[in-house]
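Which chain is which? They are A, B, C and D, in the order written, and residues in each are numbered from 1.
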């Protein structure tokens, strides 16, 4: 007979609820709000552990070749969960902000030089999602790494060696079928469609007698500029390219975006969507965090000696991971101008039972 | 020189992040979602600890006689934090609901008979807020107590002996000054105002020739009924009373509600408001929890052998703590009918600097 | 040349922002919070219009036979939007609750007998989702209908004639392929699996010498009871059945729940999930609304003469639409006990490109 | 007899629900998501109207000299409501983001050159809160103004002439009593306390033999720098000052922050808090809005010809209104180092009844 499980034992509440050790208690100050500070950060770390747990399964499923359809469902499901957790993590700031700057000051100096920058799990999440170590903004002229303990640094390096979610996405997109349309490629078909669309626009402008000449010239120049800008998406090599994705992966992502309702790419479209959701919510968390730090410590340096909110705000701008996906929106054309899928491709993208 | 603090040590991440011990791992099943289940509940327990930490200070501040003005500010601040935490705790259900019933089934039976009903900290919160043990709905014909370990039961009993927040509120309200208006009491003045107001209503109905007789009778009967119902609030003894608050506390709460903008009762009004916020959000959590359980296990019994969601739904209805405050709304009359504060009372309720 | 569009004209702000006509202004009272009351309800009505707009497209897409795969993606997308809107609508209560009961009293009587029960659009949403008119709880002994104007009543009746989302779901589920497994049906295979699973459970109990006889009897009785209860799901006729869905639709929903990751039913699983989300969030809104009304007017009757929060609370319990889907969870068995899909069925459920 | 009010008439649903006129319907395209686009923006405008309604009362109450205690309660209450509305307005983005970039493209070009920058009410809110017209970042090299219609421009100018909430705050703070402490001013007392606190810090560093010389020098230099930076808060003139608040208002805000729990400044502290909440949530809305625009249109220019998200992001940084209040946190010292209130001042800050 199985030993009956008791709630408190199962959750290891003995350990969990004895892990709050305020520094201020040690010094006899007993700053009331230090408990809140500890618990908020511990709750963050619990959620970070869960995010890493999800990323583990995503990596296993998404690293396989091919990625099975069942696995795709699991991947999207897991990433949606990550997104929900990130939303919760943002909401936690509402609780933390019930601490006033003056109350924080009761124990702030005791924590030096500890800092949220030392959260190994958060660094792991960034790395596993695909933030390249070399793009990480140095902080206080020192690489973030230097603030980590040796063992944490090792763990971070080990994670850096594994393929990130970005890497897996890049490879998987590059393998997308359906882009060879027989006589021509999707790339060629889309390029022709773009050109036709822009030419029609130009023609309309030229043919409209009601537009004053000056405005006409401006609009025609705009269309010309658009034509040039579209070339970014048609490059077949990544030489000098500004994309982080491979050229064929960019094409695939564009294809999925345009034909998202076709059965075979429905899960792929959901994947791209949830990756943008994750990127956006993570960015939002960084930004709200920056605002909170500004409110909490003004222009003073953070507990880790950081110049605090300015740095955090910068990471919100520059520690983006899937910005290529956001950028794709620039290169869409209206539905009516999008090339129709060739019949054989269309058929391939159905479920068997529909044939 | 102080030893420099390291983030991971400060938060005891070694203990915290090694406290997840899935039962399914022990049996070799490795149910992926059990980690989520554990972490959600651990996050709950962390927040419960914080709530109890706040209630400790509130008890210390609010148990003093008199409650100083500084203490009042702290009490309201602390309870607002409890409210924010409860909102977060409700939001956590969004994350838990990313677990499907079918995935839950992977490990559900392994947890028997553990159950959320065994959360000592949650029971403590209920008790400390003021849920009287005798009104606790028995579950499965057994008192909830019987499901607790001996030490948890002892802790709960010990908490039951201390005055609850409800008790402290009741006593504090009963001490409210300002209710003796010289010649008459606030009670008498308000009773007269209510009667005058209702009499005027009746007169208007009687005097309006456009109202058909049948409707007139109905409206007059309604006014009569209102008159009777108001008597509930004017009783001077609590004999046979349906209020949990003392009669003089009911009067004080009513007074605070009506004259909320007077400096001396502004903090008191904020206190009543946040107590209703807490009651409401706790109720909402119980209800959402019930819905979630229904979705997760349908009509099956819960992990603790409970008939689950039906019980939870009942607690949402009946484990209310500050319902007397909600009920007060029934006994308000329009601003224009409310008796004016006598000048001496009005003066007493100002700040010194304004005099 | 197209006339350039101006923001304020496009949004018809002239009309929109002149549609707030407080009753209290008419009487010269100028109750400050009446504006909030009007605007909250107008915002509700705008969102209701959007929900109906989505339901229109869902009906068009989901009413077709067969429902194309592209249409399925649109349906799920539209319903996810409805769910997001409902979450916002719940959040609006946070704003409305900044109005105190005492401030509401400033204009409450002026609105009699208007009531939220008269929101035609909300009634339409309920009806279009599938709340059967005959199950609508009468209010104040009168059908809700009687409180509507003639034209609103007509609109509601007209909507009642169209197939509701529930009806469309029911028919669509009943047409699900994949349930005929050649020699046997999914129903038969699942029944055998359930029986085997429960028999194994009973055997384990009987074979364990560590279980005391009394406990053993109780557990065996539980298993027996489970066996009986499962029969509910295997009935082939809906005679005396307690399901609102057709027997074959129940089977299909169960099938989709168990094999949710197979490509051909992934969209179907998402559909069932979002319908439960909608039902749950709508229920939550009803419940929070009930709490808010209780707080706002205590035990007094609502502006429409309603006994208010008690009625609303009842609708939360009984105006559920997709409760059959929640109930399905009762009839799941662990993954390891679920019958494997026959190979030909499995193949049918793939995408073509995978064959 | 009063005419009975009907829900739909009261809310002017005839006008409200006929104010959605999609451009795409006019052209026969019928872009499904244009309805969502219109309704989201109309909901924004309704909430903006409510915010302006609250600001009207705040202005009336806060513009009086002196501001009565009752008025203070109303002001804080009203601004808390504004904050709740802003939170809702942020949440609305979750709904808008269910529109994909590709679906937006169906009608985007039809709206040119209309743009959210033309929302008169939003401009009014900014102006009334206190965004000075001259600090408004020009857009596309043109002042935002130029994009407004003549009547909208006039309305905006008229609002600019009235004292903004920032102005009212500035004047009101400057009138704060309690800063003259008899022999010395609060400014002097606080300056002495700061100097003593920093001197003690320096002494501790010098006296600790365990600190290596290099580190010691660095820490001493830091303390010196802190000393200099504190001078910003002690300036008695605003010449060359970097504060937008008057010097005496800065002092008052600091005083309120430090002695927040004293009865007479409790409402003032709540006021400063809610102003920071509003500033923060407004900033967050701008930022999330920028992210949403980036996602929706990539690098393309916005519907108003704007370079879109970059501009919005800049406004998040630079259209802050109450940043002086955030900055105050920089100048706090630990509770134990804060000068004690002189007894007469302390007495002045109580309620009469406490004396």
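Note that in this section contacts are C-beta pairs under 8 Å (C-beta built on N, C-alpha and C of every residue); 3 or more make two chains touch, one makes a residue touch a chain.
Computed from a predicted model, the values in this text were never measured in an experiment.
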item: Pair joined by more contacting C-beta pairs (C-D or B-C); value: C-D
item: Identity of the chain that, by mean CA position, is farthest from chain B; value: A
item: Gap in Å, rounded to a whole number, between the CA centres of chain C and chain B; value: 29
item: Whole-Å separation of chain centres (CA-atom averages), chain B against chain D; value: 32
item: Between chain D and chain C, distance of the C-alpha-averaged centres to the nearest whole Å; value: 39
item: Chain C: positions in contact with at least two other chains; value: 260
item: List of chain B residues in touch with chain A within their complex; value: 2, 4-8, 10-13, 15-21, 23, 32, 35-36, 38-39, 41-43, 45-47, 49-50, 53, 57, 77, 80-81, 84-85, 87-88, 91-92, 94-95, 98, 110-121, 149, 152
item: Partner chain B, residues of chain D touching it in the complex; value: 1, 69-70, 73-74, 177-178, 208, 210-211, 260-264, 266-267, 347-355
item: In the complex, chain D residues that touch chain A; value: 100-102, 105-106, 109, 229, 257-258, 260, 273, 276, 280, 283-284, 287-288, 291, 294-300, 313, 317, 326-335
